[in-house]
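Every chain is named by a letter (A, B and C) in the order it is written, and numbering of its residues begins at 1.
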């Protein structure tokens, strides 16, 4: 690498077909309301954590659906499970339970510590 | 087919020819063969004025040449053309082609720019110019005369060992038709200019997912060393996408694309040991003139294929072209030139 | 004034208007360029929002036009018309001229020709189809790939030829979103194992029961929605389509393999409508549809007295709206015939 003074850039593309969506399947089986999210961002706007960190429940929902699990695994640790997001969701997604079940799913896979 | 809607008018004869900055250094046989083909084989009138200059496109895209300057440089070329009595311009570089078409469109939509340019050129040089009647890229001309080349083919694009058509990746320079689709044969998404040649000469065009992606060249990316990774990454993206199709060669119509698709294969091989051709080889990258010359039976060393970074021997063997390896680095009068080390594919 | 009206166009709007005019005692000549009445409706399978068969609506319209006051002229194009005094002379192919006291234009729309968005490869890649092609597949009960295989993943691309300056149409065709949702549900009903994705810029579910249908598609049929417009389509070595899109809500590009991509073709002013407008000097808006005399209370009238409009020759409309619009035209025409002279 040093030889030329520059290096390859990592692709930013979400490679849908290469990703594993086992985690989101696990969640939807137990909390099917996740399917109803329309990505309005109301949950993120009201989120206790989201106002001080880059935690976005809306983004987490999408990342899970795309199988971008590694990012989610770290991010969901920040949620304080206060539940304000459930109150504001216009589609009735049980957002807090999505986080709880996601933690469960990750716990079942290797390497996750609470 | 869709691209029937995008056919351009390509004049038949009498061209004012303008050169590329880099073609003569990296694949000198291309230009030589183009002029030979047009003048000696097809009997066309192609005029070249030794006092024409760079179009300054690289400087323009790197923000060091202002728009008014580049317009005046182009206007000077039109003035040389007018003085020599020509109305059709043949441009051999895709960057230049993009510049010429961009400026023509500017003059159409902003006539005051045309008037300003007339004034600048007259004050600076005392010259006057006309807007050309027909603007073509040199690949348009080879496309136009492709069937005449096919009729004279000694080595069609057929794998002699298998009898199958050669698998050819075509790559069109972005500034050929992505800026103004109407100036390209076949439009921007599926340009026909190179695929038409490949089909006419017996080959098979490969349609792979990143076919329409940029070669990675980009002006800012390679001018700053630390940014070259972006350029390389795009080239690697293209080659990774075409690899599964086992292409026998890459055919390009832009000097920048030819250079980068050729040389970055060397770079990525050095950096990561990655190659994209069959059997661990790299994929030869040829210009349309070089390919036309091979098809017509010219000696590969006479058209300068040894100057490329990726050597073309695997392709020559597939096409059944006879060549003498010992002539490869020998001058016309028989003197031996130094032989480069670690030649790829050789 | 006499009471004879020429209705140009035998689709939903023309049939509804002709039938209603006839019931008001008006004598009608209904001219249709094709050999059959029904227009685009004949090509559709089920209609949103309740997925009833389009044949039921066709049946209703056919019942409406079988009336003694209606003279049907099928397989004939109107070539132009002109006003002489209070009367119109409507010229039909083969040199015939029909006199009329009023003319109703119900010339409808043309579906956007998807090959014009060449980056999607319609007409180049076998399994890139239009929303109309999919309706035809449903009608034939043949939802399969060109090679006969069952599709495992289908994408719907919204806004093909709509909201797109490059396509020359900045307007929203407004029915394609709900059509995609309806078709996505139909796919899941026919092939429950097939995964379905909708690529949208905005979900414009403004009609009655549309949002409910959208929610049903998510909840009951597990249709996935990705916000982003596909930029280009190619095929890979397995001959599977590869779509490039930005997942705009993540802010990253995404690529996905698909077996079929359905292009949700928008609605454009029909070429025949444009020809007639130029011929008769009828004003058209920037969207190329007939320009109404007033956007709130004059959408059935234009710039020539005695010429009326009904249906999608004025703007993209759904079946419900088209029928209402046609009834509005009938009222305007009857008033005109009663008051004038």
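In this text, a contact is a pair of C-beta atoms (placed from the backbone, for glycine too) under 8 Å apart; a residue touches a chain by one contact, two chains touch by 3 or more.
Computed from a predicted model, the values in this text were never measured in an experiment.
Engineer: Between A-C and A-B, which chain pair shares more contacting C-beta pairs?
Structural biologist: A-C
Engineer: Among the chains, which is located farthest from subunit A on the basis of C-alpha centroids?
Structural biologist: Greatest centre separation from subunit A goes to chain B.
Engineer: Centre to centre, by mean C-alpha position, how many angstrom separate subunit B and subunit C?
Structural biologist: 45
Engineer: Averaged over CA atoms, how far is the centre of subunit A from the centre of subunit C? Could you give it in whole Å?
Structural biologist: So the centroids are 40 Å from each other.
Engineer: Using Cα averages as centroids, what's the distance between subunit A and subunit B in whole Å?
Structural biologist: The mean C-alpha positions of subunit A and subunit B differ by 47 Å.
Engineer: Pull out every residue in subunit C that's touching 2 or more other chains.
Structural biologist: Answer for subunit C, listing residues that touch two or more other chains: there are none.
Engineer: Taking the complex as given, what residues does subunit A use to touch subunit B?
Structural biologist: It comes out as residues 1, 3-9, 11.
Engineer: What part of subunit C is in contact with subunit B in the complex they form?
Structural biologist: Residues of subunit C touching subunit B: 115, 118-119, 123-124, 232, 234-237, 242.
Engineer: Of all residues in subunit C, which touch subunit A in the complex?
Structural biologist: For subunit C paired with subunit A, touching residues are 203, 215, 218-219, 222, 224-225, 227, 247, 249-250, 252-257.
Engineer: Which part of subunit B faces subunit A closely enough to touch in the complex?
Structural biologist: 225-230, 232-233, 236-237, 267-268, 270-272
Engineer: Going by the contact rule set out above, which residues of subunit A touch subunit C in the complex?
Structural biologist: 12-17, 28, 32, 35-36, 38-39, 58-59, 62-63, 65-66, 68, 91
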